[in-house]
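In the two complexes that follow, chain A is the common piece, with chain B as its partner first and chain C second.
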Partner chain A sequence: MYDPTVARLTYRALLGRRRALILGALPLLLIAISVVVRGLAGADDQTASDLLGGLALATMVPIIGVIAGTGAIGPEIDDGSVVYLLSKPVKRPTIIFTKLIVAIAVTMVFSAVPTFIAGFILNGNGQQIAVAYTVAALVASIAYAAIFLLLGTVSRHAVVFGLVYALVWEALFGSLVSGARTLSVQQWSLAVAHKVAGGDLVTSDVGLTTATILLAVVTVLATWYAGQKLRTLTLAGEE
Partner chain B sequence: MTTLNIDHVSRWFGNVVAVNDITMTIGPGVTGLLGPNGAGKSTLINMMGGFLAPSTGTVTLDGQQVWRNESIYRHIGLVPEREAMYDFLTGREFVVANAELHGLGAKAAQKALATVEMEYAQDRKIATYSKGMRQRVKMASALVHDPSLLLLDEPFNGMDPRQRMQLMDLLRRMGDEGRTVLFSSHILEEVEQLARHIEVVVAGRHAASGDFRRIRRLMTDRPHRYLVRSSDDRALAAALIADPSTSGIEVDLAEGALRIQAVDFGRFTALLPKVAKDHGIRLLTVSPSDESLESVFSYLVAA
Partner chain C sequence: MAVEQPLQVSPSGEQTRIHNIGYRTYDGPRLGRAYARRSLYSQSLRGAYGLGRSVKSKVLPMLLFVVMCVPAAIMVAVAVATKAKDLPVDYTRYAIIMQAVISLYVASQAPQSVSRDLRFKTVPLYFSRPIETADYVRAKYAALASAMFILTAAPLLVLYVGALLAKLDFADHTKGFAQGLVSVALLSLLFAGLGLVIASVTPRRGFGIAAVIAVLTISYGAVSTLQAIADAQSLGDGQGSAGAITWIGLFSPVTLIDGLQSAFLGAKSAFPGGVGPTNGEGVVYVLVTLGLIAAAYGLLMRRYRKVGL
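Presenting the complex of A and B:
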């Protein structure tokens, strides 16, 4: 199911100079803000939770997910170089699964690690807040990578759609319409974080069981469907 | 012996018919797929390579379906027209990756790089390659698993004459080794130099198939039209019409020129300057008025 050559090509494409800069910028920003906040306001659990929830989990993780998930396959499909993967006796679902693993790993490294560091800076992991949000970021990384990998496979405008989903649906729409929150990767991962942290600092609109099931279903379905789409991917000529 | 069978294949995109009921069999040796731009060659090659489903009909390789069949790529080497190819890798890394995807190692990659004579630049990034070098590395990636069918979409586009010759030699060698090699081109001379067998596609239809020389003769023997201006149009017209190579002449007063229809291309082109010289007429303009490839092809379709 996992092809090391596909993985190597995907890593190198994802971590190429320009994309690595974008991937690195947000985490650095988060850590910088955390240092400033800690310096100005001191260690405060509520502030730590607000910053990690509002900036790290609600904004940074989905954006990193969009860049890594769509970037793992979208550019190759756009420029046609994916033909070198597809013209091989490698099962298409294997290509998708491998790219998913790479996208998850990259999203985790660039979102969960800085979340953990920021959490420690903000309140030294008081009330397990740093760990809770890190776990949330890890869990969300899996679902986001799968969703945005699918998006990168089916659409040429994956980045735009991805950002619209991440920022408009999850952040804006979700805060206005409560129903939208049930269908939100952010809320699902918060449910897991709530379990880790306990207490009332980290809360979710979704129960843990529902969240776990939805996370698993979305990840599996998105990956399966991306594999199917890749099997029938049409590479139109330039005529 | 590898044979590619295209059986009553059509492909349409919305209302546009790109390929219209084409049936052809591509056997060992080099075959040229000739047609003007937009004739449906790329669509056809994409279907042959399993990257596009035929709307109707089937494409099979030695009886095996090509569409949605990854295992078929053990036998197919593909050289796409598009340029993009993991520019951040070196030539060697690229070909090695292609070998690995076939379950092969660095040795196979090295052999393929040697075949296309790219060892000297194999450690440079692909981004720094010229068009011809890219084309050769693409070839290496297609040859790495020693395929019995090689599909090349406009392989000579943008190559300089020396690179073109090298690639032609290579393809000829592949054909002589008994591989089935199919390449597409919209340039008659390219196909003429390389392929004995050609398939002509015009406007999505299969226009002609068979020996190149026979089809070339059909192309050159068609009526040719010329626009000629001279120091004495009427005297020239009178002298030319006396020869059977000319079937009609119109004196175009508005243009101040003669419109000549020639039926015997070779004889007419020799006759025109001779007649002019004999009668002391100066030729001011001689321009073929229907030499576009499209008109050559559409004549073929009608023939």
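Presenting the complex of A and C:
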């Protein structure tokens, strides 16, 4: 199910020089902001929770997920070079699975690790906040990578649709319509974080059982369907 | 065979002749640089809404345009139906509320405008026409800024017409509408400049979209988080540190426009605590905004001074 060559190529495509720059800039910004906030406000649990929840989990993880998830397959389909990969005797689901693993790993490294560091800077893991949000970022990385990898195989405008989901659906509709929050990766991962932190600082609108089931179902379904999509891929010309 | 040919041909000199195959020189009117620049402008502007392109590429810009206008139409309908005294939202506030849609528009259309030229290496073809670097940059910049102005001004127009239909105060609303137009014009110039500078660096459309949206939303997220913390701090220790909130606002495009319009265009600030910059601080906001627009233009000129194959 895992092909090292495909993985190596995907890593190189994802962490080419400019991509690595922007992927690295976001975590650095988060850490810089946490240092500033710690300097201004001192260690405060509520502040740490707001910053990690509002900036790291709500904005940074989805954006890195979009870049890594769609970037793992989108450009190859876009410029047509995916046919050279598909013509090799490697199963299509294997290709998807390998690319998913790489996308998850990249998203985790660039989002969960800085979240953990920022959490420690902000309040030294008081009330398990740093660990809770790191777990949330890890869980969200898996689901986001799977969803956005599927989008990358389905549409040529995967990045836009991914961002529409992450910014409009989760942020805008999520804050207006409470029902939309049940269908949001962010809330599912927050439910897991709530379990880890235990206190009232990290809350979610979704129960832990529902969240876990939905996370697993979405990840597996998205990966399976992406594999199916790749089996019948038609290469369209540039519009 | 081709190698042997000269040997056969060379002795028979009288058989060679030059055929007239009808090449003509062009002696019609030459439309020149201004015309080329105008064409590039209008084509880029049409392209920003997918006109003259495939159906698929019309979907997104048109959808975002509709999403921008529908809330305005609903507000107007409610105001007319309930005979309200005033519209539920200020003209200047509308763009701030809908900033996610505006960001998505500029993120999707800025790379569409310049990245594809880079990727398919058509930029040298443009420069083989009479236009020069400045013309290309101005045409593209003006086209995207106009497209964004249409996107942001259309809902304001809906609000204004609705306000007049609902027989609200004419003078008051004309003033608000004018202030709103100035604000969205600045916003369009600023966002279009930022979007084009980022998009012109990468030939990959998808990556350009992600980069533009990352710059716009992360900077806004960071700034509003820091402002909220500064606000909580000033409430906590009882002394007004509204100054910190104001200066932090300089670091993201949306809060920049927000601060500018609450200082000079009579808008209520969306900053936490509702404290906008004073007139003195507002001058800094204007300078930074104009500086960013000029810097975007300068960077684009620099970027296109030399575009290799």
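Note that in this section the second predicted complex is superposed on the first by the 235 of 239 C-alpha atoms of A that agree within 3 Å, B and C clash if a C-alpha of one lies under 4 Å from a C-alpha of the other, contacts with A are read in each partner's own complex, and residues count from 1 in each chain.
Everything that follows uses one rule, which is that a residue touches a chain if its C-beta (ideal position, glycine included) is under 8 Å from a C-beta of that chain, and two chains touch if they have at least 3 such contacts.
Predicted model only: the values in this text are computed from it and were never measured.
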Problem set entry | Most chain A residues touched (candidates chain B, chain C) | C
For this session: Report for A:T209: first if it touches chain B alone, second if chain C alone, otherwise both or neither.
Result: neither
Exercise. Taking the superposition as given, does A:A171 touch the first partner, chain B, the second, chain C, both, or neither?
Worked result: second
For this session: Considering only touches as defined above, state whether A:T47 meets chain B (first), chain C (second), both or neither.
Result: second
Seminar exercise, completed: Interface residues of chain A shared by chain B and chain C, listed 238-239
Exercise. Touching chain A in the complex: which residues of chain B?
Worked result: 13, 18, 37-38, 40-43, 45-46, 49-53, 68, 70-74, 76, 78, 80-82, 84-86, 88-89, 97-98, 100-103, 141, 153
Seminar exercise, completed: Per the touch rule, the chain A residues reaching chain C in their complex are 18-19, 22, 26, 29, 33, 36-37, 40-41, 47, 50-51, 54-55, 58-60, 63, 66-67, 70-71, 74-75, 78, 156-160, 163-164, 167-168, 171-172, 238-239
Exercise. What residues on chain A touch chain B, complex-wise?
Worked result: 3-6, 8-9, 12-13, 16, 79-81, 83-92, 231-239
Problem set entry | Touching residues (chain side chain C, partner chain A) in the complex | 53-54, 56-57, 60, 100-101, 103-104, 107-108, 120, 201-202, 204-207, 209-211, 213-214, 217-218, 221-222, 225-226, 228-230, 232-233
